[in-house]
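After this come two complexes, each holding chain A, first together with chain B and then together with chain C.
Presenting the complex of A and B:
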């Protein structure tokens, strides 16, 4: 199910979305055929999957009805009515994402219409008040604190919950990980080259992405945001595991217990841009230059391997403790 | 690991002891979440000294989450607390967060959505935190029943759940704690109705004695000999009573001594309170530390 393609004569359009990333609740990574079954949350629709370089599967889209206030940067009141689209993705049988989005379009009429009108336009929220696209995009990104107006995060969480409650999962936790949020807003205007502004440091769990692109690039822009969310989650999770391992060694405990599942299960999943359309790859190239995603990843992975190697030396020498790092 | 903190009677010091155990566990290097499930009186914010959450938060607390699915806030103690010792935990400490209740929340009606909501919350916390301490209200509350329904569910079978029953070291409290666990509509009976294996559930329950008078304190050993002798007799009677009621040494997780700081100002006791200002007793902190460490000690939780 694709969102209605915005037409040029309507002027620039805003699509907003939120992605939540977490671990699949299972001790081991899931085999591909299990992932296929797990993601059949919408009966009758196919699960899209690709196997290389790492397996990646996307559930069918589903609809959620919305009738809510919309945040605007200028704090001008705005209201929308329509539907959001959401789906789940699973990467490497290990990482689960819930991804929800809505295209904000001006409504033809001031009055709220019958639901069948909105159901015929999946993924479109009609704005019944006057609103500037930039104002709405920035408002959505800024309003990530308490009481979000359009709560796409809650829709993403529901998708995650449904997938996690699949009966055949063992619901084990092989490693500790934070659930991260990526809020994104795309302003789509006639044929322009994609560009993005990414904020990573605002909050420990929240990242924001503002994209400018042409209307035809919408699915690619969303895919880019999901790929960014996945790799940002990997960096966050590995950093967390390393700080936990540092604490464990400082307190005289074995850090390998914490690091082994990370090296084993997460390190092979680092493939930035692998599932992203070439049109969007310049955005990844920018991130590789600054802040240097892959560079940071390599440093973290090397540190994990060093810690494991030190521990092996320590065990060879009869288990004497080495200075805490 | 989920730790459910409960007590039969109010005034056992369940919340203040639970908060201190969570704090000690974080000092021991693990990420810890403290969930205020005392819906009638969510006061954990006051114990952690978070001014905006003293009696719960105005919105997005646990109560709103269970009622309408609104994501609950997580307050990081290191940034939200007014107390310097809580803001300046050593770098080897884990994160300590409070998931507060709602101000004026009150108990609420049963709904079919509560159990799945609670399951997804506990599972989410389990992914992020090594230990989640869930403070249930006193007695056979709805929160306790909900906790038993949730932990009895298929989706929670891989998650280790343990129960701490707090009681004061008095005749009445020993009898009441026995009733809460073993009595009619007690934890074991209610657990069975929710699909728990009775033996496994029984093995996951331990008792914590609070406000225990230290008979080695100078007020006894250097006071009136008759009083000392009488106190020892009473203490031995209590030990016998506890053993007869299933609260003997084999099910004991720890004893928290009577400490004026806990009695008069329910607060977190930091090392500075013991070493610098010397308002609290070292034995109190040692007791919290030991209980916090025992939460995950397999030998402590072996089947009886």
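Presenting the complex of A and C:
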């Protein structure tokens, strides 16, 4: 991975990122070899993959040039120049994520430098103005990528669009799902106590994650946020499927055809923390305590299975219409 | 009991390539120029010879008598499918002419490289095009366009147009506003000091290819773009999923070369005892009309995001050999542009 490994003497630094999560536009889940081909977004660069407990593949990183305003919580003027890194991941041949990030570092100069200077520091945006790490981190999370500040969401979207345009996808959708957004900001400091704060924003598609960690934990923190985004998307998608099923049965339609693909294709993908480094596992443990991610998931899955089972009993008993409850 | 579960991804490691201290490009000519008469080649080699000696001596005085120096020659044979280039003579004839002419001018030629191999590369003779490595595609994938002021990631980059600029292009005059037409505005170099030197380089042209019976969009690469691939090849900076590319093919004592240019390997080693083809630094002796091309090459190289693992690997090896290496690849390139006398 091309992630920047900042040195300790630079003091606290900020890494910001945005992850967008959606369904691979294909009727069936993709086999691993297809995923490997689909994620070849940079010629000559390998796709990283692992198979257990569910298959997970990450495309090589790509760079995007930036010279723009940076959001600050105190609304102080901030500006940066450099590059963002972005990649796509596919989990279980079914869930696609676009993930973009940039490390915000103080620049040595107040003017833009030759482009090769920035290309030698992939994923670093140099801040040409004075800025406080906390102010930038909170500013990024509060801003939701509003114009004209840094828009990592647009970069994540582009990676997703490129992967979805792979010619062998059939663009079928076995179930309905929304794209969700996770914005994250990490303040990295060797003196800092590791912690995380996760917020469901008013816009129900947006979550924000604020992490404090030591500089060496950056790649792990990013991976944690991608894992969190994936599981949050699973919860959101299954909740959506259940409410659609409720509406279908209220109208006297069979809810099983809505629930079956969810049970078949999404339920096996719930493996929180499986692709997360042990250093970050306490964060997952915290989430399991409150709000209890896996507990929520189990309740939703049980409701789906109950609905399917009930429908099976009905069909056995002569296929009476679904009662409008 | 602690249990550690690890899964090895099939991700390859970055393999090393052999490196000389210096690679000297002794010339670069069109394939056709080599067929009519050898006079042009003799002249190029006559002018280049003293510089080759000086460059080799400088490297050896700095790094000792065992310092590794290799020489190479680039034959421009890049022929997009539908272009009207006259048919070429057999490669064996041109290889022999290059080797002999170098010898007559007092130096040994180590490697002969074909420029079309900078687009599609092969390590052996007779490799099917579908099995060749798309080097130009790999390098095109490294381009990161320089952002304009205000670029915040929301606009897609413009590199796909096939052109690469070092600044903001001049806006089109607004001719529809008849009463108050916008006056001409100049282009502007990014990060300029007082005045601009604006460069806009054509990397490729997109053309419709009907050779397979249906229209496929194909990229015909510019000489400057392929020359950028060539310089990266000489600096050992290219890999395909971690594997070396365009590795030299030893001609041996019994040359049995293919009769057609496209069947040649990219890099042909014509001297058994040659030092490695790729090197920490590359030096080129070129006719003066290559100056704009090389300016474009440097411009392209300064807009590439090179594989960080390869950059680190070469820097570490240089440090091991006590060689100081500039961070930027363009600073590892040196030139002499030869005049006509």
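Assume the second predicted complex is superposed on the first by the 313 of 325 C-alpha atoms of A that agree within 3 Å, B and C clash if a C-alpha of one lies under 4 Å from a C-alpha of the other, contacts with A are read in each partner's own complex, and residues count from 1 in each chain.
Simple rule for what comes next: contacts are C-beta pairs under 8 Å (C-beta built on N, C-alpha and C of every residue); 3 or more make two chains touch, one makes a residue touch a chain.
Worth saying up front: this structure is predicted, and the values here are computed from it rather than measured.
On the superposed chain A, the positions of chain B and chain C stay apart, so the two partners fit side by side. Of the two partner chains, chain C is the only one touched by A:113; chain B is not.
Look at A:52: by the touch rule set out above, it reaches chain C but stays clear of chain B.
Of the two partner chains, neither chain B nor chain C is touched by A:318.
With both structures placed on the common chain, the touch criterion links A:122 to chain C but leaves chain B unconnected.
In the superposition on chain A, A:23 makes contact with chain B only, while chain C stays out of contact range.
In the superposed model, chain B and chain C sit 100 degrees apart as seen from the Cα centre of chain A, a figure rounded to the nearest 10. When the two complexes are overlaid on their common chain A, residue A:65 makes contact with chain C while staying clear of chain B. After overlaying the two complexes on the shared chain, residue contacts for A:81 are found with chain C alone; chain B is out of touch. In the superposed pair of complexes, A:154 makes contact with chain B and with chain C alike. By the document's definition of touching, of the two partners only chain C reaches A:43; chain B does not. Ranking chain B and chain C by residues of chain A touched puts C first.
Superposition on the common chain places the nearest Cα atoms of chain B and chain C 6 Å from each other. Shared contact residues on chain A (touching chain B in one structure, chain C in the other): 147, 154.
Contact residues of chain C toward chain A in the complex are 5, 7, 9-12, 134, 137-138, 140-141, 144-154, 156-157, 166, 190-191, 238-242, 302-308, 327-328, 330. Residue ranges of chain A in contact with chain B, taken from their complex: 22-23, 25, 27, 146-147, 153-154, 157, 161, 164-165, 167, 170-173, 176-179, 244, 247-248, 250-251, 253.
Across the interface of their complex, chain C is touched by residues 2, 42-52, 63-69, 81, 83-84, 100, 111-116, 119-120, 122, 147-152, 154-155, 158 of chain A. Listed in rising order, the residues of chain B touching chain A in the complex are 28-29, 31, 59-60, 69-71, 73, 91-94, 116, 119-120, 123-124, 126-130, 154-159.
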